[in-house]
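These are the structures in question, set out in turn.
You will see chain A twice below: alongside chain B first, and alongside chain C after that.
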Partner chain A sequence: MNVSTASILVLLVLLFPLAGAALNGLLGPVFGRRFVNIAGTVSIFASFLVACLVLATVVGAPSGHGAITVRLWDWINLGGGTNLSVGMDFTLDALSALMLMVITGVGFLIHVYSVGYMEHDTGFARFFSYMNFFIFSMLTLVLAADLVILIIGWALVALSSYLLIGFWHDRPTAVAAARKAFITQVIGDVALVIAAFLIVLNTHTLSLPNIFARTQAFPAGGALVTGVCVLLAIGAFAKSAQFPLHTWLPDAMEGPTPVSALIHAATMVTAGVYLIARFHVLFNLAPVAEGMVACVGMGTAVMAGIIALSQIDIKRVIAYSTMSQIGLMIYAVGIGAYSAGMFHFAMHAVFKALLFMAAGNVIHALHDEQDIRLMGGLHARMRWTHLAFAAGSFALGGFFLFSGWFSKEDLLGFGTLSGPGPAPWILYAVGVGVNVLTGLYAFRLYFTVFQGEPQTARGFGVKEAGYPMLIPVVILGALSVIVAWPLQFPLPNTLHVFSDFLSPVFAGSQSPLLHDPSFGLALVALVIGSAASLLGIGLAMRLWYEHRPDPQVVLASLPRVIPLLSYNKFYFDEIYDRALVQPVRAVARTARRVVEPDVMDSWVQGIGELLRGFSLDLRLVQTGLIRDYASIFTVFAVVLVVVWVFIAR
Partner chain B sequence: MLIAASPVPLTFPGGRDLIGILPELVLGGAFLLLMLLDLVIPASRRSWLAGFALLGIAATFGVTIWAWFDANPGRLVYSGSFAYDRFALFVDAILLVSAGLVVMISPNYLNRRGIHYGEYYALILAATLGMMLLAGATSLMVIFLAIELLSLALYVLSGFSRHEERSQEAALKYLLLGGFASGFLLFGMALIYGETGHTQLAQIAAAIQGQTTLTVDPLLLAGVLLLFIGFAFKISAAPFHSWTPDVYQGAPTSVTTFMSVTTKVAAFAALVRVFTYTFDGGGTHFYQHWEPVVALVAITSMVVGNIAALTQTSVKRMLAYSGIAQAGYILIGVAVGPVLLPSGQTSSFGTIGVLYYLAAYAVTNIGAFAVITIMAGRGEDLDSYDGLRGLAHRRPFVAASMALFLFSLGGFPPTAGFFGKFLVFTAAINAGQVPLALWGIATSAVSAFYYLRVGLLMYQRPAEGAEEYRWSRTGFSGSAVLVATTAGTLILGVMIVLVYTAATASLKGLIV
Partner chain C sequence: MNHIPWLTLLIVLPAGAAILLQLVPRRLTAVIKGLTIFATLAGAVIVTLLLLWMPGNKATNGPLPLHFQETHAWLPALNATYHLGIDGISAWLLALNAGVFLLGALAIARKSTDRLRFYCTLVLLTEAATTGVLLSIDLLLFYMFWEGMLVPLYVLLSNWGGVKRGPATLKFIVYTVAGSLLMLVAIIYLYVQSPSGSFDLESILAQPISSGSAFVIPLIHVTTFTPKELAFICFALAFAIKIPIVPFHTWLPDLYEACPPAVLVFFAGVVSKLGAYGFIRFALTLFPGEMEKYRFVLAAFAVLSIIYGALMALSERDLKRIVAYASISHLGFIALGIFSLTDNGINGAVIQIINHGIIISALFLIVGYVEARTGTRDLGELSGLERRMPWLYFFFLVATLAGLGMPGMNSFVGEFTIMLGAFQLNWVYAVLAGGGVILAAWYMLRLHQGLMHDPPKPRTEGVRDLRIGEGLLLAPLVAMMIFIGLYPKPITDVSTGSVNTYVSLIQPAASNPGTQ
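This part shows the complex of A and B:
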């Protein structure tokens, strides 16, 4: 791949969604729905085709030449001793090619789905404009080879997420959710920007390849690199909804369902995983930060899994399952198993987008009902959606030979030996527990929604969704069964197409935490992990299908604290509300009552009035009379010359 | 007493001299042709004249582009009184693009105002010709003649609305005060000539190098300052700005569009050539004697322009004060001058900043004025703030581009205006003149108030029962100008390198 080919590919893959966004936003309202549907989906499909070309060139490149960084143009290059240079730099390598494929591929299917989903919404042009713009932002983020561009992409995805969560801006809950998401993201943005400052301060460059080449600026294990990585990780946590910055994700379900599928399941929320994988060179130098990342990931996985068990809103259950699965990916990149983390990302994007879209079909069919207690028995009336949802649930639950099984077991297998002392074993054990939890919540949802009897009269009258909403679901359903088969088998020395593909990206440096398990150990881990998943699924079947014992009975037998914590999401919203929101509001109220009128207003108004006064005085000088103007001119000229030449100097 | 013989003997201009002023020759030819065409083209076909003027400008632009490649390295022509160099050609390009855009928006506007006379286009070309001469002038004589050529054309253009008292008043004010300022300019030139014995910049520079830092000639310095005051009038820097709001408001809007941008561009080009590169004084550091005065005028301009703009209620006056403030920002780049880096090299960052700022200011300001030119109703100017109220709901695209121009004037990234300010402020900080940058930043903050206020007005819903201004149709040429200026404002903000590289190259080619 030469530079000019790569530049053209980068330009095209970015320009199609951007053009789609501009066309839909500017001309969509004029040309109407048919135009928007076509422009919105075709732009992403074109981008997807280019992404396929990128993948082909990366795969086809001779070994060692699969990565290329192109500078489309210098954005800022000041030379002249300042050394400030920001280039429109983009990287094409295995990692970005993978991200491109997922973003544009899954993104395209979700756009097709949106055609059906937004059929009766009057804001369709705005919707497709935002969606196209999101794809553009996300592609910018994953292609960026310059810190500034990366941060721009990072901020733009937050912006598009904000716009899309608050898409129905006449709903107060949606607006509040959008605001919450954005504010949480900004916390991460700040951390990321501080990390960027530290990096620039020590490497004197903004270009990512140069940063990774100048690691001598970061002593291994030192406080500096640990600080940088912790800050990067905080940025990643905010974007990927990890503890303690996770509370925005469930609320984000206020957005239209395709948005949840695209942004809050398949792509944006996994940007944190991508960020850590992209900065793996730095993370490999900071084992402490890596350990922190792994623990936070696994902790979030458990917490979200427990919460998912008791939620009653279909989209929120899936949202918590997303949080839990991203926790596993974060855990994987934390222990240095980057390929495994990215593999789970790719598989998860497929089956989680599917689950969201199938849930959207259910919600649509039940006329915007989201409470799973009022669903049930949909399998007979929504045959295809049911099949696809079942496939997605098996994949999510990690059932043998479904895509989720390959990626989850792969990732857990690496966990057995990664790290000092008993820590990896504890994390591994927790991971096995997460497998059980996943099976439980995935199939609680499936059985409650699709099996049993309809719980409301509406449930008897449901109809299968239309083709635009069905075909993407079925395609993804088929994919979530077979997509992993040719890619990866979760045992060493077997089929490893996927990790071989990514290995050039991560070959340069190796995490000190990562130790490949032997074949035997991996096999044992695989059997235990698969058994745990099966156990979870089986338990779910007993509880929510056969009702032996009835879940209510089990619930009553548990200590009251567990269901309370789970149902109330560990009270995080309440804690944050009491500890952060309320105090800040109290301070703000006080400020408004006391500080504002007495101090700020008098100051600000004072300055304002002062300037206004000056301004009005200046108007007085502007008499409009030529003699006055000439006098002013002369006086100033003479005074200036006389004072400066003969007195002041 | 005998007058000393000129060191360069007078000769008939040769081919190399003629090539040196080829762009000016082409434009001058177009100007003469246009005057003749006006006699044969019927009154109902006056728009054709705009087409011919545009052709002339395009041809000149083409020649300028060719000359850009030819003038490497540049040379002095006409016995050292005119520079054929990339610096002048870079400025010429800005001037020609600006003139072209103004010509494009003029016919519709002039028709609506009922003042569509043929000499309008000839006068625009004459003024542009004067400005191009000013950009390349390397002799005090040529500088003066160029300024008079552009000024005379602009005096007439300001009063182009013959039946309107306000326009007449503007023209008269501009004429009288302009003549007044020319007096200062000439007096300064006379003093400089008296003290150095030369009118050509290269020889003046050589004479100044003979000075010693301790005993600088007070009359020479007085001359330099008076010359600067003459220029300060042209760039409308405070406190020599009084004419600006009245003339900008009184003149027809298309004329205001033209002169608010091009006069500044040409005068700043001359300022850079004369002050930064002639009066630097080489090893004697003569520039230290005039830089504080330029800095003072820069600060005064930024403060007066921005503060006075706060309470305006007329768009044209607000943009006039905004132009005064912008002149202050650009003057920072002149005041910083060439900086001697610790490494021994000279950094001309400030001058690059000036050139970048001029390009950014040209596209942005023409865009902003073009909006009120194009939108003006039949027989009147769109001048009061109320005329823009609710524009966004009727003309979303026009309002969006106007908002972009206002953002750019206010210096918000990623627009052209941001990088203009960024470069001159950076230059000031590099030169150790941090207070200058701080003044700039503080006054920029003030400026956000009045720019955004107009932006908000456009996006407000008109009050219940209130009558909307009757905006004109944008038309094809109007749309083209808005698209071009919008694109320019964005490109200068996103692809800085394009103009930055050209500015750097033009600076390398600058000769005195």
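This part shows the complex of A and C:
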């Protein structure tokens, strides 16, 4: 692959979705629904075909020549001491090819699904325009070969997410959710920008390949590289909804369900995982930052898993499940198991998009009902959706030989290899606990929604979804069973097509936290992990299959504090509101009511008043009496003489 | 082409058109509008040509490399000269100046105004004065244009302003004149002290002025500022009031609130940038040592402007006042870039001066359209305009994103480089400015969503979308917001050379590349 071929591929893969966005936005309202449906889906399919071509060229390239960087144009060139020089650079390598495949592949299926989902919405043109624009932004993010361009893609993704969360802009809750998501993303952007400053001031470049080639600027384990990595991680946490920047994701479920499937499950929220994987060279130099990332990831995984157990909104359960699964991916890239993290990302994209879309079918069939307490017994009435959802649940729960099993066990297996000290083992044990939790909440949802008997009159009359909404679900359902089979087996020295594919990207540097794999340990870990998943699924079955208690009842047997925390999402929204939002508002109000009139303006007015008063007083001097003028004259003359004699000599 | 006095032409064109207008009968409004647009358009064309010719034009060899220089004796008795010239920084400001006045002329032409001929005359005279400010190299000439600008502005505001125009205009005029008078004192000091006895910036720079010994207060023997430092403070105050930097900003919100929309376009678009320009052109060159000595204090005031403006924008309810305080916050970024005294920061300031002119003009036009349709500027009475006004929504969305510094939009380029410069000064400034960016997202979205989303209210029922003419005014602004965001290189390619000259005046070491 030469530079000009690569440039054309990059341009094509980016321009198809962008053209789709422009066509739908400008001409969609004129030409109508059929035009929008075609333009919206075909543009992504075309992009998917180009992505396949990229994959083929990357796979087919001789080893060591799989990565190529192209510059479309110069962005800025300031020279000087800093040598701030940025180009519109894009890179094609195994990692970006993988991301391209997932984004355009899963993205295309979700676009097809949207044709059905948005059938009765009047804003269809706007919707497809935003969706296509999202794909464009996400592709920009993963193709960028310069930190500034990456930040641009990073922010464009947040923008499309903002637009789509607030898609139903007459709903105040959706509008507020969109704003919250966007502002959280800006916090992450600022962290990335400051990381970029540290990088460019020390390496005099922002081009990713050059940064990674100049690691001599970053002493291993030093404060500088740790600071850079922590800032990058903050950006990643904001995007991937990790503690403490996670509160926007559940609210983001205010958007239409295809949006949740595409942006808040499969692609955008995993960008943080991608970012850390992309910067693995730096993270490998900063074990402290790596440890922090791993702890945050695992902590979020547990927290979100606990919250998912008690939520009653079908989409929010899946949203917390997403947060938890991304926590696992973040944990993986934190301990240096980059390809394992990316593998779970790919598998998760498939089964989580599926779960969201199947949930969308359910919501549609029940006329926008989202409360799982009012669902049930759908298995006989929505057979294909049920089958696909079951497949997705098994994959999410990590049932033997489903795609999620391969990726999650692979990921946790690396947990046994991380060191040194007892902390990694604690994290690993927590990870096993997350497996139990995952089985529990996944099947709590499945059993409550699909098994038992309908809980409302409407539940008896539901119909299966139409083809545009069913076919993508069924395809992804089949994929979430088989997709992992030819790719990777969670034991060393067995099947590792996937990690071999990514190895040129990650081979250059090795995390100091990771030992060499051993077959025996991996086997033990595999057995423990699988057993934990089974335990979770079995518990869920015992608790919710047929008996059908209130979905929240199981937690009631635990100490009161746990269900309380779980149901109230650990009170993060309330804490942030009291500790950040309200104080800033109060300060702003004080500034307007007190500081501006009484401090800022008062001294200006004060000078004016002073001069006015002075001149009023001075007016009294003009008495018109010669003796007054003469005495003033004398006094000043004396003063002047004194000054001249004693001071100004 | 080199024999044509292009720069003089730039001043004479609007001034001449203003005189010519007096010959046109008052009722021929089309002719009056046409002549005004023609004069501003011709200015814009000349500036564009100058920008294109500049790379091929040989600069002068003086301490400030200048292009298209013109020097004539002006007041021989005082040794004041008619000295005009542009460099990579003022060229962009000129472009902005020509652009916003063209926009203002077009906005005036779109609606009927009473006493139109007088109105247009004043607008053209203002343009002549601001152009002169940007072209003058001679301090006395600069001062003349700087003060001259206030006369037509004062008449404009006091005749066509809104309800509270009286006190607002008075405050503005007294405030700025107080600042300028201080500057006049400093200019006279420089004239007296300079060995060449000249008002010409280049001659003054050629032979540095000694800072003199510090005043010692008699009897108590406290050492205070040197005379040169005092002169610097006078200049700094004049420019700080003009920008404005908090706490010298209180004239701005009241004035913007009282300002008619068409005037606001060029008032907010360019007049407020002249303070920033003054800092670069005169404070940096004449007082490099003083700038370096006080850079941390000055940058702290800039950061205060960013945060304070953002907080005020967050709590105001009046659309114009929100945009006015947002403007103060953005101008704080420009000031921060200049005070960082780094090439990155000053380049960023130049980019941001242009960006801010584009964004703030667009925002004020949008606010004007909304007010004209709904009859209110109260955020609490407005909502749900997106469905009624899809085109306005789109333009406003882009302007909002540009206003909050969204990566990929024009202001990101400026804020990124400015914050990089601030980071080089001290990382704390960059982090605090980052806090300003987060607040910007908050207040801009509050404004945007408040107007556009949620169910409509009584005031916003049945409003009509933009007319074609209104859309055509906004479209080029929005296009530039996106274009500069994707390809800022043309701007910095012109400005970098001049910025390096200024920076080398301050830190001779900074001009050596490859520092490690």
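The definition used in the following text is that the second predicted complex is superposed on the first by the 577 of 649 C-alpha atoms of A that agree within 3 Å, B and C clash if a C-alpha of one lies under 4 Å from a C-alpha of the other, contacts with A are read in each partner's own complex, and residues count from 1 in each chain.
Criterion: contacts are C-beta pairs under 8 Å (C-beta built on N, C-alpha and C of every residue); 3 or more make two chains touch, one makes a residue touch a chain.
Please read these numbers as outputs of a predicted model, since none were measured by experiment.
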item: First (chain B), second (chain C), both or neither touched by A:626; value: first
item: Partner chain(s) touched by A:189 [first = chain B, second = chain C, both, neither]; value: second
item: Partner chain(s) touched by A:601 [first = chain B, second = chain C, both, neither]; value: second
item: Touching partner for A:644 - first (chain B), second (chain C), both, neither; value: first
item: Which partner reaches more residues of chain A (counting touched residues only), chain B or chain C; value: C
item: First, second, both or neither for A:179, with chain B first and chain C second; value: second
item: Contacts of A:151 with chain B and chain C, given as first, second, both or neither; value: second
item: Touching partner for A:612 - first (chain B), second (chain C), both, neither; value: first
item: Doubly contacted chain A residues - partners chain C and chain B; value: 73-82
item: Touching residues on chain B, where the partner in the complex is chain A; value: 172-173, 176-177, 180-181, 184, 218, 221-222, 225-226, 229, 233, 239-240, 242-243, 245-246, 289, 292-293, 296, 304, 307-311, 341, 343, 345, 347, 349, 352, 397, 419, 423, 426, 430, 446, 494-497, 500, 504
item: Residues of chain A that touch chain C when the two form their complex; value: 73-84, 88, 148, 151-152, 154-156, 159, 166, 169-170, 172, 175, 178-179, 182-183, 186-187, 189-190, 193-194, 196-197, 200-201, 584-585, 587-589, 591-592, 595-596, 599-601, 603-604, 608, 647
item: Contact footprint of chain B on chain A as seen in their complex; value: 26, 73-82, 611-612, 614-616, 618-619, 621-622, 624, 626, 628-630, 632-633, 636-637, 640-641, 644-646, 649
item: Interface residues, chain C side, partner chain A - complex; value: 171, 174-175, 218-219, 246-247, 249-251, 308, 311-312, 314-316, 342-344, 347, 384, 386-387, 401, 404, 406-408, 412-413, 416-417, 419-420, 423-424, 427, 430-431, 434-435, 437-439, 441-442, 445-446, 449, 452-455, 486-489, 492-493, 496, 500, 503, 510, 512-515
